[in-house]
Every structure is written in structure tokens, then in C-alpha cells.
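After the C-alpha cells below, expect a handful of questions from me.
The letters A, B, C and D name the chains in turn, as written, and every chain counts its residues from 1.
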Amino acid sequence: MTTDLIHWLLYGGAMGLIVIGIVGVVTLNNIFRIVLALAIAEAGANLLLVIAGYRFDAIAPILTGSSANQLMVDPVPQAMVLTSIVIGVGIQALALALVVKVYQNYKTLDIGEIHQQLSTDIDNSSGVISLLSSEQPAGERPLPEPSAQHETAQLNQGGDK
Amino acid sequence: MNQLDTLLLISLITALISGLGRRHQLIGWATAILLTVQFLALLSISSLGYGGTVIESAVNLTILGQPLSWRFDGLSWFFALITIGAAMASSFFAAGIWAKKYKKHGGNPGLLQFAMSLNVFTMLVLLASGDLLSLFIGWELVSWASLLLMVLAGGIATQWGLRYIVYATAGAMSILAGIGIIYHLTGSFAYADLAAAASTFSTTHVVVLSLLFIAGFGVKMGLLPFHLWQAGAYAETPGPGSAFLGAISSRMGLYAMLIVVFQLIGLGKMIAVEIPFTFLSLRDLLMWVAAFTIIFPTYTALRQNDARYLLAWHGIGQGGYMMMGLLLLDPVGSAGGLLHVFNYATNQAALFLAITAVVYRTHTADLNRLGGLVNRMPLTFLVLLVGIIGLAGIPPMNGFVSKWLIYRSLIIEGMPLLFVATVIGTLGTILSVYKLIHNTFLGQLRLEHEHIREVPWSMLAPMLVVATIIFITGFMPGLVLDWVASAQAALGFTPLAYTLGGVETARGSLDMIWLCGVLFGGFGVGALLFYGGGNKAKRVHQLDNYAGGHFLTADTRYHYSNNFYAGLMHHIGGWYRGTFKWLESSLISIVSLLSGLTQILFHSYHPALFLLITATLSLYFFIG
Amino acid sequence: MRNVSALVFASGLAFLLLVITWQFVVGGAPMLIGEAILQQGADKIGSANLVTSVVLGYRGIDTLGEIAILFTASTATSLVLSSLSAKTSSSKKVVIRDDGTILASSASLFFPLLITLGMYIILHGHLTPGGGFQGGVILAAAFFLPLLAVPGRGVNHSGLALVEGFAGASFIIIGIIALFQGNAFLQPFFGHGEMGSLVSAGTLPLLYTAVGLKVGAELSGLLANLAEIGEIVPESTDLQASSMQTESNGS
Amino acid sequence: MNNIAFTVALPLLAAFLLPIISNSSKSAARFIGPFVLLAMLGFSLAYFNMLEHPVAIALGGFRPPLGITFHLDNLSLLMASIIPLIMLVLWPYANIEGYREESLLLLLAGSASGLALSGDLFNIYVFYELLSVASFGLAAANRTGAAFAATFRYLVMSGLGTVLALTGIGLIYTQTGTLNLAHIGLLASQLNNPAGLSAFALIVIGIGVKAEIFPVNGWVPEVYSTASPRISALLAGLISKLAVLVIVRLLVVAYQGPEALTLLLVLGMLGIIWGELSAWRSKDLKRMLSFSSIGQLGMVLVAFSIPGEAGMVAGIAMMLHHLVVKPGLFMLTEHWNGSLNKLAGAAKSSPLAAVLFMLFALSLIGVPPFPGFWAKLLLVTGLVEANTPLYLTALAVLLSATVIEAHYLMHTAIRMYSKGKKKQVKKLHQTPFTLTIISVFAVVLITALITMAPLGNKLQHIAAESSDRALYINTTFAARHTPVRKQISLIKQQSKVQ
């Protein structure tokens, strides 16, 4: 019973954190909150790793005089989690720097507005009116107008204009 | 290094030289002469045209474990002869005075010559292919080389070229799928393995493979639902290029289809394949496709007011005759189909060159703005006349022979409905070529054409040579039937029993020498009567006319050419052409709609949602 | 719509993930390599803290990658932020706000304590829980504290760069020295020493020192970079400049 | 001395020291990057030549399942040699503003070779993260508002992806208790259950963010349109392939069952459809190329989903082909950019670039005899050989997509060659080497075309080697540089390699 409860708590907690993080990223509009949601999801994944190395009634894997023959938990996931936390810190720092710059440029933290302005920027820089407008696309149909045939006839056959 | 390798090497060198020297003034002549050398090299293996054995190329490659080989047989030789011949005529035509004027108006004659010689080389590679893989490589090379020829005029031509390449790629992919399936079934790309394994294929495989290959190769032939690209793409090419493309380019589709579908998979099997809910077999279906390919494009040609488009639409229709003849599978019909390849190539080359000559002088191909040129350009008129007689299949020109063989075979095989269909097609041909010659050369001369002259000899000579060939091979079809018979033998058909003047079978014979003798005898008698019986003719100036008591000046239009056949077209209508256009544009609309949806997806500002959905669905896929 | 579908799919995902994990037994993971390391880790490396043997020994290259990530993040952050600091440096108000004497003096009081604690944790990483990362973070905190207390005070970036450069380089160089001794890259050398003593476990303490300094310098740099942004209310001149830049670069 | 570790250590070392060096001498700092890349190239090529059969190298000198191993076979060494090569070609020699971009590029190179060589799941994750962070920095290096916003969105997607991948790794570790790929391969039977397959799915989707797998590739058009062409070339050409390589390794060692392949096949198929259709609809060159890149990676994925050696050889061929062609095409956008409508007359203003565009486009479509054709042929035969309805559907999708691809690429080419107003084509501020760089890719393509026969044999050899699961496992467990050879009693399962 207790094992079941612990099981649910641990695995449910880890998976819950991951899912909460993902839902946060999907549903939140504020980009700062999105960064936080990402951190929550990372925490969930880290928790899953730690659980993987857990065993009951075991001590930390540090050899001291008294711990000679005692059961120890798995040191590998601990090392992995250490690494992944540090990685997470680096990514979050970069994300925050980007949040700051995005805010300075677009004066908003709303992901929807940012996306709109970004699309406009890209469209402007490439000289396209809008991605979803009805302007001639790359694979537009090459149906020549019948009326144009006669005009070009002279050019192609080497005739005078 | 045998003669085949020599031929291919010369062809490659021709392409390279004309490519590298395409800015040089004399490159036109150099290309033409090199093409002549190719022609001679081809003649050195002319034993193939007279029942000789297959020549294997010494070049063999193995790439990714797949051997590639090349070889030439009677069929390849027959097609190669037409290819190089057409290229020679076009190249000589384009090399001289024509090039100067073309260049003056911003064209690049060197590029045109390069494109033609490249096309010749790629076509020879295709014709020489010795396994399915080299066939596909050759096929794609031909496709892309002809794109170069089609788009080099710029302007509207590039749009037609683009349309062509989309159709061609679709065809090529269909072929690739077919080749892939064959590879799966036989474990190799070799012809021999396919031929050996073909008898074990299940009906489903035969049907799927045949449809894939016929659709793929049919695109280049302009078989019915896939024909929309062809007329414009051929017509908008600079004149000599049109002549070359019209003469031979789409026949490459026929060649490949003959090799794969007729020879290797075996068309005989298709007779056995019944189409559900109909009385038709798969072959009957194809024959009806061929019949409609004859009729619809021919009547579309009738509507054209641009001489080049009119001819190009005919090119599609005439392909139907060849297909029809070969689908008959008997010696007479298949000989008719193959012979028509040769005959049609000569006719189309002559016609396109003649029209180009007219455009050279008048600067227009618009049939509503021409007329009465017969006195100004008599030799061009003669060439055009010979060409249209051939195209319409009227004696004594060569087109009659091949069409006669096809009609004869249709009757022998007991297919009256198809016979009627082809006759309807021929009727359309006659009407439309009459429109062509009437609107250009007959009737009233336009004021602005008052002072034009015959085209220079550098252009006339190739035209006249082609016209002579049309007449001679019409007079003595046995010359060509020699080659046709060995091509038939290479394909595995029973060769036709032929004579110099025609055919001699138990169920019908034709002797063109006799027929021509009667015909010219008749003409001679007529001439005797006319000139001997008091020639009352009086030469007047072409503009010296009056009607209803009123003198007519050149600016009064009494020559009926505008909207020719309006009444007829009113009855026929253009519904069929609209159908195919509608098909095409609805396909494109579907793609457009789908692509709009995909863009919306990429435009969504929450891509993370897709990640969530994908993760959930794929986990569900594994767990659920 | 988006939220509804997100919730639907997320609950589906949560359900599926729980279905997967339901078959796992807590505390019953196979631990194949973990068990092996527990058994022979002490003999092979000589570090009392087996996690440290994994971090620096068995998975040393992971740690190299990890400090490289921190370095990359810091470089990328300063690259991202540099346009701002370059532009506003002239117009920035160089007013050093003093947030109170108590804060300032306690910050300077804690500074040596934190440094000592950080170095202690770094140097005992192979013996006790802790190590380069934990100690490095404390070091960074020591340097960040004055920044919090007295915002606007500059940070010696070139000094930080020097530390992080050499610390990172020495980690790799220790690994390469092992190579030149005929061992594998990052293989511990120098002998095991007596387990439990400060000088033991071969090169591990050296590596951890390098990691500690690197992490400390890296995090200080990152925090300083973020702190130097100041108020993130966009200035109108800056906006115009950046939008002009957008146009000129983008087109 | 196993010096392959230098391909990772050297660039990282140089990147660490670059700020210090550039403080003292700017000119010295400029030479370090190319020099280090040359050294990396030397090390990997030296191994490439020596290699007769695959070897594994235990880093840190620990016996394989415990320590981290680098797996050296033809495939990983090929990638490890291509990385410095491409970086050398795309290195910003002329327009270096500061050391930071250079530093990030070196970090990218180091992590990329680590990713190519590593034989440890968590190590792969670490290098993948390093690669990601470096690519975020590079994507934002333009420092425009749009670049920041696009990079942020990229970062969030990528971050979510790595969370999923880490979850997947956690699930694998929970089940097998090991991280070494070869050891996982040994225990593959334990992973052939819903939990194991789910772990695979999570890793595929997570890593797939960088591999431009549908539908987690929403960042692609944005980042490629806002980053500089060199970076886009690098991301589309190199980085995406390395991410695919990770998936392939996992597939070979542990997931040879049909379910995992089906997932890849379906994702790849959707990627082809979506990518090519969007490219067909796009209106500017950069986005067209980005979408086409998505489609191409879909084809790569479809190729790898074919079971056995046939899939491997097709996949590697598609991968290498795209690796050469896409960077070349992206570099062209340094020449012309912007709306396709304004490309008219581009061929007149720079004829060589237009010819190169044609060359790349033809190879991309798969016109024989260009290398793209052979790759596509391998893919087609592989799909037909697999011969299930799903694979045949994929074949149909692939072939129809090629038609669409031909349409938009040729339409663009024809626009370039059509006559246009003179001032319409904007020539961008370009570095002097742009055309040279594009030509390098073209020369590689043409060389591949000429040497197709020996190249094909080599390719088949590589594929045979890298699709051999038992070989991979044996190689790893025979890793060199394991001075301590104690018996590890706990690893019982390894006695029999399946």
C-alpha cells in the first residue's frame, strides 16, 4: 500500500511536472512564463532520472567508515541530474536574455503578438506582402494566356516587331 | 570501341563543341556538319536497318551494384535515323541566313544549335539503352534536354516549358515507380530478366505496370489526358527547334513504350485482361485512348489561328495513329504505326520549316493575317503542299501509305468502330491542313506582303530535301519498309511482307508505283487537254480583281480567312478541350488548397501544441 | 480552442505516461552499471564520493560538455545582450544606487564567507556531497551579492573571462595530459592516495577545482550580464535603432 | 594515444581560450578557428584511413558499459570529417565582428563531432544540448528583433524537445539500468515493449526538433529566414543530419522492430507532404528552401525507416546528398534574397550563381545522372522492396512530392532566367567568397557525379557496417584503452551477443 502510494507520488509527480510544463508552454501567452514552464518540465524529467536510481533503505553513495557494506543508491542518475540541471540553467539564462531582447524590440511579452510582428518582419525583409496572401507563390500554375500567343510569335521566330 | 561507341562519342562531341562555341558565328554550320558526320556514323551501322544483329556498346558501368549497358538494334537504328535526319534538316536550316536574323532580334542561334545537338545526344543515349536503368537515365536526359530547347525563346515559351516539365516529371516518376516494382519482382534492371520473368507476373502486376508505364511514356507522346502541355511547348520553340521537336521528340515516348510495354512486359497479355463492367479488354481501352488522341487534338488543331499551334496540335493527333497501329499487334498494323513515325517526321519537319520560312518573311504565324503568298514564295508553297498532302494521308505522298496500312489492319482485325474513329480524325486533318494552306498561300495577298520574296537558298535547300524525301518514300515505300521490317523483327513482331512499291499480302496489297503512275498519268492527260485544247488562260496581277461590278483594292478584305470554319466549330464546340483543362486546374486547385492548409500549420504561433499532440499520438500508437 | 485541445492532449499524455510508469517498480530499477560502479568505483578512482567518481571519472566527458554548455550559454547571452550594452553604455545613467547601508555592509561581510564556503565545497567534492557545481554556484552568489546590494556597480568582465577561460582550458589540458601519459582522454592519474583524505582520488580534485572556478565565473558573468540590462523598459531611441537595423539587415 | 578525443577537446579548448587570446591579439584569434578545424579534419581523416574495421574507444579508460565510449566506424568518422570540412567552407573569414561568434562556431564543431562519435545515450544528450545552445547563439547572432524572436521560439521548441528526450532516456535507464548504446543493444529485448517503444518515440520527437521532423519543425522557416545564410546553411545542412544520426544509431542498436520503423515512416511521410506543399506555396527564396529542407529530411527519415541495409544505404545517400546541396542553395540566398517575384533577371546579373542554382535544383529533384538521382533510386528500390501498403504509400507520396518539387524549383529557375527590370534584383551586401563557397559545394557534387561508381561501393560498405547491430555491440565491448580489466560480475547479459 505504501509502496503503491510512493510509486504514484514519485512517478505521478515526475510525469505530472513534465505534462504541466508542456501545458504551460502551450497555453501560456507570456513568454516569461513560458520560460518558467519550461523549467518546470525540466524539473519533471530530472525527477524521473533520480527516481530511476532510487532504492529503499539505501544511503547516499559516499564511502565513509560506517557505510562499508550498506546498500547505496545508484550514483549514475545523480551525476546525470547534476549535469542536466546545469544544462537547464544555461538554457534558461539564454532564454531570459532573449526574452529581454524580444521585449525591447517588440514592446510586448505576448507570444501571439510577437509571432505576428515576427511574421511581418520576415515578410517585409523578403519583400513579400504576406505569407498567406494570394500573391503568386513558388509553384504557381503556368497557364499561358491564349491572347498572348500572337504577340510573342513574332519575337520567337526572329521576326521584326 | 565499336561503331556504336563512335556514334555516341561523335554525338557527345557535337554537343560539347556547339555548347562551348555557342557564341561563335560559324557554330551553326559546324553543328550541322557534325550532325552530318553523326549521320554517316549511323549509316556505317546501317546493317541494323536490314536485319543485322544487335550491336553492344563497349561501355559498361556498375553503379551501386547495378550494371548499366547500352546497345543498338533495328528499332533503335530506325528511330536514330529519324532523329539525326530531323536534326540535320533543322540545323542546316537554322545555320545560314535565318541565324543572322534571329540573332538580330535578340535570339541566340548558337544556343539553339547546342540545344538541338544536346537533344540528339540524349535521344541516342535513350535509344541505345540496354537495361531499364539506362533507359530511365536516357529518358530523363531527353526530358530535360528538350526543356532547354523549349524555354530558350523566353517569354511565354518558358511558361509552356514549365508546364511541360511538370508533366514530364510526373511521367518520369510514374516510370520510376514501374521500374522499382519490376526491380522488386525480378531483382534486376536487365531487359533479359524482365522478359524472362514477365510470363510469371500476375494479372494485377501486369495491369499496374502497364498503366504506370503507359501513363509515364504517354506523357511525352501526348496521349490523351496528358496532352495539354505539348502544343504550346512545341509551337513556341524557335522555328527550326519546333521542326525538330515536332518531328521526333514525342516519338521517344513511343520508343520507350515499345521496348518496355510491347516487347518486355508483352502487350499480348493485355488482350486477356478484361476491364470490369465493360466488354473491353485493356488493349481495347488503350486503342480507344489512341482513337480519342487522334480525334480531339485534331479538331482542336482546326480551331487554331496560329500556324505553329495548328501543326503542333496535329503532332499530338498523329501520335494516336502510331499508337493505334502498333496496338493492333499484327504485321500490317504495326508496320503502319512504325512507318507513320518516319512519314510523320518528314511531314512535320517540312511543314514547320515551311511555316518558319513564312514567318521569316512576314513576321507572323497568325493565319488571319496571311494569305496569297503563293506567287511570292512558290517553292515554300510547294514544300508546304507536299507536307500537307503527306500529313492528310492523301496519295501520292508517304503519309498515305502508313495510314493505309493502319486502316487496312483495322478492317482485317474487325474493328469497324475504331476505323470510323480514325476516318473522322483524318477528316479533321484534311480540313485543318486545308485551312493552313488556304490562309497562308491562297487567296488575297495582303498589302504589307506585296514586296516579299522567296526565302534564301540556305533555308530552301533543307526544305526541298525533306519534301523530296516525302515524295520518294511515298512513291517507293519499300525503301523505308525495309527498316520498318527489321524494327518489327527487333520488337518481336512478324515482319511485314513488302515490295518496293508497297505491300503484298494475301488480304490486300498496295503498290504505290502503280498508283503514282496512274495518278501522274491522269495529271498528264489533264495537262494535255488543258494546254493542248486551246489554252485560254490569262495572267493577271493578284490584286487585279473585281466583284459584283466593283473594283476591289487590297484594303478591301474579300478573302475569307478570319475565323475559318466558324460554322463547323459552332457545331462541334470546344467542350472536350475544356474538360481536360478543367481536370488540370482542379488538380492544381487541390494542391493549392492543401498547401494553404500546410502553410497555416507552419504559420501557427504555437508549434509546441503540435509537439504535444505528436507525443500523445505516438505514445498512443505504441501503448494503445 | 488551443487551450482546450492542449488540455485534452495533455491529459492523454499524462495518462499514457502513467500507464508506462505503472509497470516500473520504485526502488527496483536494474542499475546494471550503477551497481558495478558502486562495487569497483572506490578501487578504481579512490574517491569517497562515488557520485564524484561518476561525474569526473566515468562520465568525465559529460562534465566537459556541461561546462562547455555553460560557457556557450554565457557567450550566447553576452552576444545577444551585447548590442544593447554597446548602444546604451553612453546614455546609461551611471548612478550607483545604494540600497542601504545594512544591505551593503552585510554583502561585504558575507563575501569572504561565501568565497570560503564555496572553495571548501569545491575542494571536498570528492569526499562529501557537493563539488564543483555546487561550490561554483556559491562562488557566483558571493560575487552577485554586492551587485544586488549596490545595483549598477560594474563587474570586471575581463577578469571573469580570464578565469573561465583558464579554468575550462585546464580541465581539458588535464584530460590531454592523461592522453600523453599513454592513458585515455580524461583518465584520472596521480594515484589514488588514501581514501577520505583531502589529497586523494588522483586528478579529481583538480578537475573539480577547474569546474568550480569555471561555473563560478560563468554564472557570475551570466548574472552580471542580466543585471546590467537594468530596467527593461524599451527606450524609444533604442527601438528605432533596432527596427532600422532590422530593415537594413533583413532585406 | 587515442587522439580522436582531440576532435572534441581541441575545439572546446580553443573556444574557452578564444576570449583571452582575442583580448591580447585580434589577429592571432582570427587564425585559431580555421587552424583548429584543420586539425580536427586531420585527426578524423587519419582515423578514417587507418580504419579497417570499427573500433570503440573508452574515454577515461573505463570498461565500456561503465564509462563513455566513442564509437568509430565509417559512418561516424565520415560525419566527423564532414563537420570540420563544412565548417571550414562556411567559416566567416571576412566578416568577423567579435570572438563570440567564432567561439560559438568552434563549440558547435566540437559538440557536433562529439555527437557523431559518441556511443553513450546520455553523452549524446549532453552534446546535443551543447549543439543546441551554440545554434541558438548563432541563430540570434544577427541581432535583429526578428532574429531574437525566432530564436526564442526555436529555443522553446528545442527545450521542450530535450525535456521529452531526457524523459525518454530516463525511461530507458529505468528499464535497462544502462546508458551505453551497445549495452542497450544487448538488452534490446527488454525495450521491445510499450514502455521501451514510448521511450524511443519521446527521443525521436525530442531530437526531431533539430532534425526538422514533422510536426515539431515550426521554427524552421522562421529561423532560416532571420539567421544569416551561413548559419541557415549550417543548421539545414549539418546539424539536422547529426540529429538524424542519433535516431539512426538508436534504431540500429535497439529498435529494429516494425513499430519503431512505422513511426519514422509516418512522420517522414507527413514531413514530405507538408514540407513540399508549403515550399510550393511559399513566396520567397529563403522560406522556399526551408520548407524544401523539411521535405528532404522527411525523405531521409522515410529512407531510414526501411528495414535492413537497403534503408541504411538509401538514408545515408539521401543524407549526404542533402548535406552538400542545401548549404549550397542557402548560400545562394546571400546572393539574392526576397520575393520570388523579384527574381526576374537574376540570371543576367549573376550568371554563375544561376547556373549553380540550376545544378543544385536538378540534383535535388533527382535528375539523372546527378547524385540526387542515385539517392532517390536507392530510396525507391528500398521502398518497393519493403513492399507493404504503408511503404508503397510512402513511395507514392515521395514520387508525387518530387513532381511538386520539380515544379517550384523550375519555376524559380525560370523566373531567374526571365527578363526583368534591372533594379528589381537586389544584390545583397555579400562577402567576397560567397560564390567561391557555393562553387565548392557544386564541385563536390560534380565530383560525386563523376566518381559515382566507387562512391556507391563505399556507400554500400558503410551502410553494411553501420546497419550491423552485432558488430556495433562487439566493437564496443572490445573497446581499446581499458587498462583495468577486472571482471564485472554484474553484467551477466553481455556474454551472448545476439
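Simple rule for what comes next: a contact is a pair of C-beta atoms (placed from the backbone, for glycine too) under 8 Å apart; a residue touches a chain by one contact, two chains touch by 3 or more.
Note that the coordinates shown come from a computational prediction; the quantities given were computed from them, not determined experimentally.
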If a chain touches subunit A and subunit C alike, it appears here | B, D
Quick one: which chain's Cα centre is the longest way from subunit A's?
-> B
By C-alpha centres, the chain nearest the middle of everything shown is D
The chain pair with the larger count of contacting C-beta pairs, comparing B-D against B-C, is B-D
How many angstrom lie between the CA centroids of subunit B and subunit D, rounded to a whole number?
-> 46
Just give me the whole-number Å value for how far the CA centre of subunit B lies from that of subunit C.
-> 73
Taking each chain's centre as its mean C-alpha position, how far apart are subunit C and subunit D in Å?
-> 28
Centre-to-centre distance between subunit D and subunit A (centres being mean Cα positions), rounded to whole Å | 19
Residues of subunit A engaged with two or more neighbouring chains | 18, 22-23, 25-26, 51-52, 74, 76-77, 80, 83, 87, 90-91, 94, 98, 101, 105, 115, 121-122, 125-127, 131, 137, 139, 142
Multi-partner residues in subunit B (2 or more other chains touched) are 154-155, 159, 162, 166, 591, 595-596, 599, 606, 608-609, 611-613, 615, 619, 623
Touching two or more other chains, which residues of subunit D qualify?
-> 122, 126, 129, 133, 136-137, 140, 144-146, 148, 153, 156, 160, 167, 171, 173-174, 177, 179, 194, 198, 226, 280-282, 337-338, 404, 407, 411, 426
Would you identify the shape of the chain contact graph, picking one of line, ring, star, complete or other?
-> complete
Complex contacts: residues of subunit B adjacent to subunit D | 61-65, 133, 136-137, 140-141, 144, 147, 151, 154-155, 158-159, 161-162, 165-166, 169-170, 173-174, 176-177, 179-181, 183-184, 591-592, 594-596, 598-599, 601-602, 604, 607-608, 610-611, 613-615, 618-619, 621-623
Which bits of subunit C are touching subunit B when the two form their complex?
-> 2, 5-6, 9-10, 12-13, 16-17, 19-20
Can you list the residues on subunit D that touch subunit B in the complex?
-> 153, 156-157, 160-161, 164, 194, 197-198, 201-202, 204-205, 209, 215-221, 259, 262-263, 267, 273-274, 277-278, 280-282, 291, 313, 362, 365, 367-369, 373-374, 376-378, 380-381, 383-385, 387, 395-396, 399-400, 402-404, 406-407, 410-411, 414, 417-419, 452-453, 456-457, 459-460
Touching subunit C in the complex: which residues of subunit D?
-> 1-3, 5-6, 8-9, 12-13, 15-20, 23, 57-62, 65-68, 98, 100-101, 103-104, 107, 110-111, 114, 122-123, 126-127, 129-130, 133-134, 136-137, 140-146, 148, 167, 171, 173-180, 183, 194-195, 198, 226, 337-338, 426, 428, 481, 483-484, 486, 488, 490-491, 493
Sites on subunit B touched by subunit C in the complex = 606, 609, 612-613, 615-616, 619-620, 623
